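Once you scroll down, you'll see the structures, which are given as structure tokens.
Each of the next two complexes has chain A plus one more chain, namely chain B in the first and chain C in the second.
Entry: the complex of A and B
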């Protein structure tokens, strides 16, 4: 057969890992993994396309390398990812030197020049390094691929990913993150726009003491299908994960899917995990699915919690603001911005936090708020 | 001179068991420079009256009118009413996560005054207004009402009253949940507002203790969705000692 590695059949863990697309069976829209997805827009990624180009990465210290020069430890977990890995020819690589401290964020711009492109980005944070990376993914095409993050022992890495684009675009993105001993990873993922967006964010710990904070904000509007799948695999002792995602569905037809899987294996004693997803549905005819799963194989943990809520607009909040003379539109925008403020407040880098808030405001049709200049 | 005129007002709320009548023929006049008290038992519809004046979407007016200086209020949106000069200090102010008090106040003041106040003047004005009701300036950075104590929420309502300077203010149980010191500070805030602006004020309350600080010209007794008796300040004293029993005796 192929070089497939068969993982013991645990509910939440991927069943197959392989570089070879032939190791995977082509999914159908009825599969558990795909039944919430924008299947008709994403199934194009199940067939290799020789005419597709590469996603180009530009930024200080970022090199485009031949894919064969890239030593990635990450093995694809589904057909689309395996096809991307097998067909991408160049990868964008950022290596953050061990012990180096970067005060300024490293900005990476991802672009494509073809209507379809494969993506492979590697970010490797050397041991004891400290850096923030901002990835701007402006979607103009159909993209399938991965951004692979490796956080070395004792390293501290923040990756802020901003995804934007119009509704004709599609993105199937793997975001695997691997954490070394006592590594500290903060992932801030903002999906401002895009058509069919499916992101799989898998966290693995290779040694004890790692911390992963995953913060996400997303907006979904008519014609958008935003899907996020988070998988945190606690198989090392004394690791932490803290997941907070907030989404807003703006208009009829807007769609979002959030699946948060946390698996705490027997050996992961002293685990501290928390995940929450909250969605705000601002219109009839918009749909948000939210499924948090927590599977505990050990009771010897610090704490484990998960929560999910999808709510309508809070009419009382809007009434209160309006009763002070604030027009309805502004009142609604204030409430939505306030809703996101909790998660954005946790993004340490204030410059990018403000940038995200500005982008969200812009999407909500607010150019500027009174009081912003205070 | 402004006057808010409420004439034979009926209003209902949608419940699981269908619509329920709450206001059953309220007639009331609130004029500039005068202070009115409405007292009445729990559940008689006092807050409903306040909400209907402010335009809360939960209540439906089935008949009657509300006009401000002859202009129909019922056809105005909630924010239009506020900009026309109506203000409601709520019995249960709403928490709005992620919206700072400073941002909220400036947005509201800008909307009501029709232009954004100059930044430097505004900060000074806000600080002074906060000091006047003994509210620490650090509250400006907090999220609106979030985690505020009952008393702090009521102070913030009065701060808004001072900054928005309405023509007619309705204060729904602003005195409840306040300790003696806070009651004095809040009452002084209301009196200062009244003296400086000459606005008309409607106080909804259960207790006469606030009426010792804020003297009413007129006291209305409210029961079962309407005003059942009207008198001067002395009526409040009678209600305090005798209770509302004679207004709520069983009819059926």
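Entry: the complex of A and C
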């Protein structure tokens, strides 16, 4: 019966949470959650694969533990995530001691030795700690899993994630972040390569006063489908979220999807939230979807807003540079680089900021410019 | 919050047009829908065979299509408890005196005769229940060849043109409610403006639902020929009833080369009406389509006026105003589909939620491959007057060409204590101050309305704010 009662979900929050894959209905490409996705490349993750291995994490202070020894509070919110959680056997765990201050970034390298792998990484920042973590992942296979981040009370944590790889790879990644009282989290996500990449970044606050800054840059080329879904769940008073994602689509067939969901619950008074997505379409036949959703259940907030813009680079800027004697090609490259510099400039760690900028420049075919740091 | 302010917020949801006439025509109408009902509607209207076929096709598609699983909660609609066709008077009246007294009385309270006397109205197609009962076009418009008829008459008198365009913009299977409308449509306006004709005065139609549980399924078809220009205005008010009503209209507009069409709607359904409307315009080369859409009432509104920019340099514009009070959910917005180079579109949405109401903006901007030089902007502003109401924004953007620019921006603000304090320090009461801030917020939309509508809109807001004074 087609007139059957269908009540649409009341808000953007996930409808089901469970460790049991059987609790989820298998998604179809017509579902709101998946209609923008590279469904044909990602649907492999809806079936458990016993032959799949684990993603291995290596770095100072990182331990590979049996999954049963990991006390994770995060509960999967979709079928792929539940399957990964149920089938992963080892997890990479980094615990940052309470009150410790790490001046040097902690670098974690993620690798796989199988064609298909499940991932589970836990990063726990103890209370009042201060650290920067860099996660490097050069995709060589089909990966389904999660990187779970917990930021303790008053802790300050920066996580820089760099994802690269060729177009035959697929990645379905959950990136849940939970913030304690007055915690400060900065997430910088750079997607330089990879085939079908789908990242769900969910921010939750467990106590008042938390701040989440999420920055992202992504490059999408022919054969790439880069999808980022951000969900910020404001259900604690006086928390902040600031989201800025910038992407460039380089050649025909490139695809990018950016979904920024912000839900401000009734109890989240004094919330301050803003999200921005800017996409640079550098070629005909590339497609950029951008959906910044905002749901407010209370009016007692500081401010809430979002903005999204998609277009080609600014001809006026190119013209200005040309008028200064810079050839057209170089001028264009400079403008593209400047486009990304705005968001990368907000990543505090200068070494990794420059590293990222260099990677992007290389990917864009931009050579070093005079005045660049050696 | 002071008690005054709380009372003001209570007052905001008051519905001032909540009377209704003794039900003279609706009592005997049948409830529920099946093939027999559809055949009966078609037979009563003496329709040609092809229209009956189309209606039956619509019915089949309606039965097959699923209910939307997104947007507002529509589970309260009972399709078996709706009257799909109600005939209020047997004939279409040609002048005011011919109208029955109770209908005249209703219109008197809506202010139609005054408007007519002042010749502010070019032609009034007043829809009372399911059929247009009153119709008048200014003589000079008739001389110019402008057709302004109710849709049923248009089908009888201009079948060829009707058949050429009907269902071309919104096909019978477009969505569940468009299918339903195709199956049981009745009434609505038909407008044809010949080449190069500029209709200087707005064409107006008043709609009114007056039978409990009666769905109103009007069908509007407008063809604006090359270089022509028209402004169509419709306003809706409905009496309050205890059980739910369904309003599911379809509006199709064809704006040909170089033509301009502006379609203004002020909708103030009572808070038990489900208002699910499909509105779409096709814009050819150099044509302009403007939707001005005010949604002030209803239990649930889901309405996304769309413009398909099919010809080069076509322009689409939507100004949308949503006002959600207690128990109301307004899910409104606009869709702009760019399918030709150098096309431009603008969406401006303003929403106010109060007393626990929920107002959502939902829109789509799609710029297809090859539409170089196209530009689109979307701006959504929401004003929160209290802490218990809800405001959402769901803007979809899909860009598939490089040489375009697309921008979206949304802001949510609340009436701050300092704004109120400033105005009150100038001698205003709290309610007056709030009224002024709300009026200022919607001013960009109000100023685009014909004068009498702008006055009505401002008066409505003023009335609601005044309630708590003293």
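Quick notes on this one:
Here is the rule we go by: the second predicted complex is superposed on the first by the 363 of 374 C-alpha atoms of A that agree within 3 Å, B and C clash if a C-alpha of one lies under 4 Å from a C-alpha of the other, contacts with A are read in each partner's own complex, and residues count from 1 in each chain.
To be clear about the criterion, a residue touches a chain if its C-beta (ideal position, glycine included) is under 8 Å from a C-beta of that chain, and two chains touch if they have at least 3 such contacts.
Since we're looking at a predicted model, the values are computed, not measured.
Bringing the complexes onto one copy of chain A puts chain B beside chain C with no clash.
When the shared chain is aligned, no partner comes close enough to touch A:47: not chain B, not chain C. Applying the stated contact rule after C-alpha superposition, one finds that A:321 touches chain B and leaves chain C untouched.
When chain A is checked against chain B and against chain C, the one touching more of its residues turns out to be C.
By the touch criterion stated above, A:296 is placed in contact with chain C alone, chain B being left untouched. In the superposed pair of complexes, A:288 makes contact with chain C only, with no contact to chain B. Of the two partner chains placed by the overlay, only chain B lies in contact with A:337; chain C stays clear of it. Figure legend note: chain B and chain C, brought together by superposition on chain A, show a least Cα distance of 6 Å.
With the contact threshold set out at the top, not one residue of chain A is in contact with chain B in one structure and with chain C in the other. By the touch criterion given at the top, residues 54-57, 77-79, 81-83, 87-88, 90, 93-100, 102-104, 106-108, 110-112, 116, 119, 123, 143-144, 160, 164 of chain B touch chain A in their complex. Every residue of chain A that touches chain B in the complex is listed here, in rising order: 315-317, 319-328, 330-331, 334-335, 337-342, 345, 369-374. Those residues of chain C whose C-beta lies close enough to touch chain A in the complex are 63-75, 79, 176, 353, 369-370, 372, 382, 384-414. Against chain C, in their complex, chain A makes its touches with residues 2-8, 32, 249, 266, 269, 279, 281-301, 303-312.
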